[in-house]
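Report on one structure; see the data block that follows.
Every chain is named by a letter (A, B, C, D, E, F, G and H) in the order it is written, and numbering of its residues begins at 1.
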Amino acid sequence: MKVFVNGELREVEITTLAELITELDLPVARIAIELNREVVRRSEWDSTMLKDEDRIEIVHFVGGGKN
Amino acid sequence: MIIAGRQFSSRLIIGTGKYRSYEQMRSAHEASGAEMVTIAVRRVPLDRSSESFLDYLNPSLQILPNTAGCYTAEDAVRTARLAREALQTDLLKLEVIGDQTTLFPDNEQTLEAARILVKEGFVVLPYFNDDLIMAKKLLDAGCAAIMPLAAPIGSGLGVQNPANLRIMREQLPDATMIVDAGVGTASDAAIAMELGADGVLMNTAIAESEDPAKMATAMKLAIEAGRLAYEAGRMPKRLYASASSPLTGVIR
Amino acid sequence: MIIAGRQFSSRLIIGTGKYRSYEQMRSAHEASGAEMVTIAVRRVPLDRSSESFLDYLNPSLQILPNTAGCYTAEDAVRTARLAREALQTDLLKLEVIGDQTTLFPDNEQTLEAARILVKEGFVVLPYFNDDLIMAKKLLDAGCAAIMPLAAPIGSGLGVQNPANLRIMREQLPDATMIVDAGVGTASDAAIAMELGADGVLMNTAIAESEDPAKMATAMKLAIEAGRLAYEAGRMPKRLYASASSPLTGVIR
Amino acid sequence: MKVFVNGELREVEITTLAELITELDLPVARIAIELNREVVRRSEWDSTMLKDEDRIEIVHFVGGGKN
Amino acid sequence: MIIAGRQFSSRLIIGTGKYRSYEQMRSAHEASGAEMVTIAVRRVPLDRSSESFLDYLNPSLQILPNTAGCYTAEDAVRTARLAREALQTDLLKLEVIGDQTTLFPDNEQTLEAARILVKEGFVVLPYFNDDLIMAKKLLDAGCAAIMPLAAPIGSGLGVQNPANLRIMREQLPDATMIVDAGVGTASDAAIAMELGADGVLMNTAIAESEDPAKMATAMKLAIEAGRLAYEAGRMPKRLYASASSPLTGVIR
Amino acid sequence: MIIAGRQFSSRLIIGTGKYRSYEQMRSAHEASGAEMVTIAVRRVPLDRSSESFLDYLNPSLQILPNTAGCYTAEDAVRTARLAREALQTDLLKLEVIGDQTTLFPDNEQTLEAARILVKEGFVVLPYFNDDLIMAKKLLDAGCAAIMPLAAPIGSGLGVQNPANLRIMREQLPDATMIVDAGVGTASDAAIAMELGADGVLMNTAIAESEDPAKMATAMKLAIEAGRLAYEAGRMPKRLYASASSPLTGVIR
Amino acid sequence: MKVFVNGELREVEITTLAELITELDLPVARIAIELNREVVRRSEWDSTMLKDEDRIEIVHFVGGGKN
Amino acid sequence: MKVFVNGELREVEITTLAELITELDLPVARIAIELNREVVRRSEWDSTMLKDEDRIEIVHFVGGGKN
């Protein structure tokens, strides 16, 4: 299945959002996820099924104010 | 300084950008006495394992996520929701930028985003151009404070329009007014406070000074000094001298 | 701040005029953290028994007699000698006024008096108009420090000519430079220090504020803040913004 | 004998500076005295004889800076 | 100065309020050399026969009706339509005020009104708070010029935020920028022009001066001077002196 | 402007240094409308035949020789005598410089030279640091005018201490006050005139601009504008707005 | 018939807008009229019938800028 | 005879100031001369005898204000 993660198209072999995070090997602490422009609460990552062409944004925090 | 009913003993809110090292940032935060720190939301890099920036912040600091980098109300709203989900805080420094060269705020889009976010329960602290009418609208929209700029972000020019801030203070006596962006040195911060600001948010003036920890201390003291001077009620200005000792009894 | 080899930890020298009461003066002196206080010399009134003003000063304060009220070098010299005899101190704040309306110093007479008093062993701190060439002559004459004015005495206008003070600092890097007269509020004192002053002497800004003790605290902090900012090395000024967070990784 | 004290002409019945201070009933602490434009050290008040027309200045300290 | 393709040789637009008499107004208009004059729309009084104010204006002056007194986009649009019907001109000085105490413009409502009026064929000259982002939106909406304020209307404070005007000029090089409101004396107008303004609109500075005709002449000259200085390209500023005669050949 | 009983219709005195060519200087002089021009005295070069600089000046200009380059009263006096002998004019711009880096005047030496030269029948126009007390002494010495600096020579910073000039004007209402040195652009000259100056002397601001002839015109107009504004009596400054049209009769 | 003219309720005995102007004895030059918030072109004053409760605004010009 | 002209030592074969100017081939218009720190009026150039070690300053005018 193909999904867009942070703007990049990726071929992935998983079914849920939680699995995607695992596959990407990301630190789960203090990140947040948007699926097709809607936030997905952390509690729903396991139950959130992905489908082809889904657009996922995964964010964390960095130093900085304006830009 | 009171924000959404919460009392802060420090009137300084500090940034996290432009430091030469995390150690330097931490020592500056320490020296500043700030209780709140603002951070930005960005995509996680997928190519490399990224250390968590948050680990470098003193855990006792209240984190204030910002929507830096957003150019539309919609992007700011999305960014705000992500920040809340990740940090479990309703506090938000709202920034909607109107132009990449000047980084001036887009007051119109900022107001639109503020209206949405307040409805969603955010405690919105909006960065905006120093415009009284916009300040009133932001407060009517339910913002917890107003954050007019002193000068362009990172310019270090200091308060460019004291009349605007003074008028804002006089016309909105009950609002929490935090001067955001443009402060360059200690006296700039003192001036902002003497104009009646409740606090100052800054980043570059500290991070880009030659000695950030020392400048952070200077800012801490300047903000206290400016506030006390505002409360103490300054002497009137006069063009002409006025003697400070009795005119009689001089030897002849 | 070093004056004649003596180190003072406070960079504020405080006055004793215009207070509404001695109690108010004392509390302001307390709050200011000043270690030196300036007082004037006057004829003893013969008609009534006069309490000694000095009893109202905190004994730990270094007393700095001044020649306020003198309009000629000769009167200033006589006043200085009387002060030394009575207080047994060589420290002297030299003032020779040139005009009763403005209380501007008479630089020429001040220099003449300074030359005489230095020869007699006084530690001369001359109040003068902010003139680099005069500053050099006063230092050549052996003055222990230079005390340029920021603005007319008691005007509260703040530093009127920052370029003059900056140039004075750059051209006389080793001189002890104390800004005297004209400061009106905390930021004015911070600005004087950011320009490189070693200290500030003030009276009216504190005594005539609505709350002298609070303003004294403000001045104390502002002077520390300004000094630290001067030492920390401020960021450069720019007309245009400069981002304080990375431009990449914004959500789209 | 007539002397000028702080600019005022006074008829006095004394001979030394010290006696003048006493007659004027002034606090001796932290005052200074000038006789005919020259300071007289405290130690010399006793031995300083006054003569007719002498001009004496007696000063103390007051609050104030410039004026 | 070009407005909607029409060339004006005078860069001064003048007002019609606050004069002590019509004669005084006329002589000031004469002296100013202005080619355009702004007037307000009001209800005809029904109780008394009212002389026509317009008869007191030099017929050669281009009349620029304004929407002074309107607090909403809708009122401004209605007022604009009435003005056009009565005067048969598409020119309009758009003002939507946000607050009665400060008379600051409501940028948001101003933009909304501008969008409607441009569609209806008006040549819209909007008075607004000196905000670059709003300036861009007004131009995108099709306004013929931008008229940022220098300071609060009738304050006479002069340009309060030179950085904003300079940035506006640099970022919008092709826009016709007319500084409106806040000028107090001749040098204020010169400064506005030196910052790159194409023109200045003023009323109070002339009408409330002691000698309006003389001040009008001063403004005329100051605006020409400021424009020429802008075009001539000023010398750089330096902290230090630079000799203007050869250093060699001095007698010894 | 009146100097030693002679009336000048132009209030601008112009310099002759730093021009890129004699032609450029001449066209700037032409454009400036100045009636007086200042020139320096130097040793004739013996090695080469030197064209006479004076041939490049418009013969209708009143020549004002200066003592530029002199660092002592004695050198200034000798230079003045040589200038008078060569030009057969008593007019003299007295300059005694105190320091080569800043070119600040040595007020003390200037006064000493002025006293000598006035006795010898010179019409002395002394350049000095903006010090009221010194101004009084120069006038007491018989100087025909006072020429306080606005800022360091060639700095282009504009009037650094408006309070000093305003006070000088108010305290010395009958003196001819010509602001000399430091003006950078047209508004600077207008400000000097609005403070009550009778005239302005400048060189670098015109000679070092990109287009000297155009800047010269700008200065001519700015000086006239500033003077007229001073005479016209400016409106008072206010923090708050004041309506310039009737508040009644707005449509609803 | 009752109409509002510049906010004031007035009892009038006329039928057209033109007649109203005449009755009010207003200078016709350089005024403009709004009927129920819509501008009425000068050319239509004659043909514009008024009805009860109509709201008429009649404006002219005065000196002034902002307020 | 040796004289100092504008600070330079020069060997000259002349007796008067006027002759010096001629020898130096200087434009006589609008120059001024100082002999041993005293101005010599133009009318006295002919009659002014020079002697060994005399210090002569000859000046003219140049563009410039301060320095």
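Criterion: a contact is a pair of C-beta atoms (placed from the backbone, for glycine too) under 8 Å apart; a residue touches a chain by one contact, two chains touch by 3 or more.
Keep in mind it's a predicted model, so treat the numbers as computed, not measured.
Looking at chain A and chain E, the chains that touch each of them are B, C. Counted as hops between touching chains, the shortest connection from chain F to chain G is 1. Excluding chain F leaves the other chains joined by touching in one piece.
Counted by C-beta pairs in contact, the busier of A-C and E-G is E-G. For the pair chain A and chain B, the distance between mean C-alpha positions equals 32 Å. As a whole-number value, the distance joining the C-alpha centres of chain D and chain E reads 71 Å.
Residues of chain F in contact with at least two other chains: 15-18, 40-43, 68-69, 78-79, 82, 101-104, 152-155, 157, 163, 167, 203, 239-241, 243-247, 249, 251-252.
Contact of a single residue of chain H with at least two other chains is seen at positions 6-7, 34, 57, 59, 62-67. Pairwise chain contacts present here: A-B, A-C, B-C, B-D, B-E, B-F, C-D, C-E, C-F, E-F, E-G, E-H, F-G, F-H [touch as defined]. Chain contact summary for the complex, chain B toward chain F: residues 163, 166-167, 239-240. Chain contact summary for the complex, chain C toward chain F: residues 98-99, 101-102, 104-108, 111, 129, 131-134, 136-137, 151-152, 155, 157, 160-164, 167, 171. On chain A, the positions that touch chain C within their shared complex are 6-7, 34, 57, 59, 62-67. Those residues of chain B lying in contact with chain C across their complex are 15-18, 40-43, 45, 68-70, 75, 78-79, 82, 101-104, 152-157, 184-187, 190-191, 194, 203-205, 207-212, 214-215, 217-222, 224-229, 231-252. The touching residues of chain A, when paired with chain B in their complex, are 5-8, 24-27, 29-34, 37, 39, 41-42, 57-67.
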